[in-house]
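To keep things simple, chains are lettered A, B, C and D as they appear, and every chain counts its residues starting from 1.
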């Protein structure tokens, strides 16, 4: 017999006993690292490209927030992506669809809308707009200043599972096939759900969870909600059909950290990306301090220990966040630890 | 052999062939009949009893709306009960709980509240308050006029299934164990759900679906909702944990019938009880005309063909309704027919 | 004001305070009573009617087991019905369907089959055959002695909910539209489920749970299963699509009581009907002794305290049973107590 | 402004427009390739290592079947792993647990068992044994020849999601804490499920789906099952608690391809690994012919077009297979195409 290790390699196999430790570690250690992107630093470049690069050339004009540990292919956490997109008045972005699920959380500007499966959904700062997997979507801007938003997608997950499909729409933009903002108006108030023609599904039918409603929620629960020791007064955007997360792979939340809030350290297998809606503070992630201010974005890898602190003794901080928790949970892989 | 029919009767049996037609009819024919109760006629008696009968004597001061076909035991439809309850300032109603599920839809008055498992829930006209099965509840009135509401319960169903339990609370009323109206404030806005300490269950955690939110919903969908041909712009109150009906045996809805609306005739196996929030109209049930005005209550038995019409060419009518559809559906017995 | 009690009665209402105690009792007290039917006493009359009454006259030749507390309409427990059916060689029973769910548990005879939605399902003693709601079914006997079985239906429940529909088939019997006994052969072995054309639903697709498999199960778990203190080694027949009960309103079980078994007293809101497959014993129900022998049937009302005892110190007893537990549980009304 | 592309790179971002095509392809193109491993070629090396390497040194003595497209880290398809494991009489394999789900499909030998959470499960050729995520397991061999089996795991998926945990048991092997093979004996027969102490969960409680039952299933459905045009008479091993796949990330199936069977080409987003239990044939995958014989293993990447053919005109072929379909489906990413 020739060298058996050589022989088995030629047969397309490898000895498990030489890989064991690498494949079965005591606990996960993500290649993703804790990282923070400063909005103030990125904004000038976004405006520069808004000027220098037409949407015809760019299809989407977005700065991808690339985790230093995840450059090839580029991603923000192992399963999730974040980018900052900008469009300017008069522009339209080509209609397309992909199996990757997406949302936008609006940062600044007024007068733009996205059209999702025929419904025009208008954007205002603080709004959460959904474009679930395989929904046609295009954007247009009829206002008078730049419009910037956070894009969240699960393409790192979808591509890692060999499940990514993509298709261009036959025309540049969709025609309106429903009254503007109808889905939001029909579903957002009072937990009331239209009872004619119900079409329950894994994706929320709501095009826009408007900031006005989120603000009312925070105002209504004022100071008498218990909240989470680690995450503050944290609310989950839900799918009216089943009460669960807005899409089967991405969960979205919004949290209010009270003045002086300092969270109990916690870690969980899902990864999380945060966007600072208001306020300033520090999140310590596996010992690394991420000092965040308004509109910044930061990434907390899966199983990294994080600890939020609101830097202000007098003002709230508000953090929007999204995670792959729905996916991790559906696969029976959710685990958390609170110190 | 003696007469075999006599013999088998003595053995506790009966010949199926002599009962077949009675037990297996081509379609259901409820003992319940279509019926309407006029609020204006009942109100003086409610006020009379509010004066003549103390809550200590009455435990609950309610006129039961008894369907002429269902007097023994009294019920409003085969599975559901409706009553009009009145309490006056300074009164309290003894705390108790029962496995029957209950709700109240507020008709008139201000200043009363119900305490449900320790949370005080305040009442305003048009509010829907839940007291799910086996939840402690008592009422108190600190306002300055009579308070009247519609009580809905499923005790006819629960008792028919030999599943009714009842218990008095150790004291007359519960102490407040949570901030007033907290559950409603936490869950009602923007489909946002508290993400700390989730306790999903078959009952909605919401103590009050306030009229203000319902009014906003109707206003938001204005005239551009398609609606149901039979039921108008009909919205279901939902359980945030699962998107389904508010309780596992009772579903609650609110419908706007546009000016001049005339519904397509429809029938379904569940039975329905309606309360007129606003407007006037006619519902024809198996050929019988029920002419309803504001605050009236009417019953549509299961599998009865009904047809709603708004009598006004210029004003909306608004109908609150509740049914046993969740129960009927869970048992695989839902069936409907639209003419 | 005339007598207000008289006045409100004329208005279709009743004072709740005069009904309270009747409608809200501390715990359920079924009208059904504990009762036992002796097979040996009934069998001669079944054979008599098999001779005296043709199936053309009878549609179904069944002795209904009528609970003395539930004679109008006749039922065996509040929600369930049991009957003993007999057919003789050469007979056919007219094809029909009804929304009531049904099953047959075969007592004696060979050579008959039922055809359910086009599939012929052959009967052997100990087999459990399903005819779920709204499935066409007819019976035929090609063997050479009388065939007797226990019929179980939920028509008391279905009729109480105003949900009973019935339809005769256009011909006397259905033609075979599938290979004989196919569903059982496809689904019964090894928890293996056909993966082409899956049609999951609330009803089990299995036409027959054959005794041969049940016997193998009892043999396989021999003496090393823990079992229930109250119910012995009790196994639930399941729906392959969801692992739950065979039909949404009826659950079927088979239990082995070891020699000398004496169960811990227990009560539950669902009612149960038992059929003795083998052995003899005593079940005490709310203090009343039901002494059962082979092939007898007995009824345990909901919330009645029962206690099983196998009378033999050397032989097993085997009890088939069915309950409305799936319905009661789906409605949130399940409750049990073990003493 | 310096070169804006350089500047944004320094800020941890990248221009999406330069990555678009790579991240959003028209359809998935797996890095995994169609590939076949011949058992006859591997077996001598397995026996060699059984001799040359002790289990104390190896922890597990397995040849990993490494897809040529997925060497770093090694995997068989994008989400799944296959290996061939060998143990010899007298050996034990160290007890451990991991969040990765695993199963073994027994190829040859007798006398070994695995202990899963305290239950000894004995192995016979054709048996499917489960070790769901985070279940303790160790192996021992008390027979008298080598024991070889196929190991299937989802560690490529679990590791890709940063969700892999691993733990050694405190001792080399677990003590028996339940009767041998109890779970299989309790759950495998007649769709009967123990009704005491139910503990429904996402993993099947069955330790072993024995070949004897699988053989009975194939025998019972004989030639009258319709089967799938693409996959033949294909049966899914199910979880008794919910009727679904055996574990939340891995589905297992067994298919009989009739003599002369030639399947309709099909592709699906999940990937599949096949093991040939019996017979010989050809599977064409994206145009590449994989000619398989008994005990071989082959991989079909996600979205690769496959077409099975049984090479024999007179004998059945039997293929065991496993896929990530439960995971892909739970995330809303399942898609298939039949030509």
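Heads up, the rule we're going with is that contacts are C-beta pairs under 8 Å (C-beta built on N, C-alpha and C of every residue); 3 or more make two chains touch, one makes a residue touch a chain.
From a predicted model like this one, the values you see are computed outputs, not experimental measurements.
**Student:** Which chain's mean C-alpha position is the greatest distance from chain C's?
**Tutor:** Relative to chain C, the chain whose C-alpha centre sits farthest away is A.
**Student:** For chain A and chain B, what's the span in angstrom between their mean Cα positions?
**Tutor:** Here the centre of chain B sits 41 Å away from the centre of chain A.
**Student:** Can you give the whole-Å distance between the Cα centres of chain B and chain D?
**Tutor:** 52
**Student:** Roughly how far is chain A from chain D, going centre to centre by Cα mean, in whole Å?
**Tutor:** 33
**Student:** Taking chains as nodes and touches as edges, what kind of graph is this: line, ring, star, complete or other?
**Tutor:** ring
**Student:** Chain pairs in touch?
**Tutor:** Taking the chains two at a time, the touching pairs are A-B, A-D, B-C, C-D.
**Student:** For the complex, which residues does chain C have touching chain D?
**Tutor:** So the residues of chain C touching chain D come out as 179, 182, 185-197, 200, 204, 206, 209-210, 213-214, 216-217, 220-222, 224-228, 231, 233-243, 253-254.
**Student:** Could you please specify the touching residues of chain C with respect to chain B in the complex?
**Tutor:** The contact residues of chain C facing chain B are 1, 4, 7-8, 11-17, 19-20, 22-30, 32, 35, 37-38, 41-42, 44-45, 48-49, 52-53, 57-68, 73-74, 78-79, 83-84, 96, 98-100, 133, 155, 157-167, 202-203, 247-249, 269, 271, 301-303, 324, 327-328, 330-333, 335.
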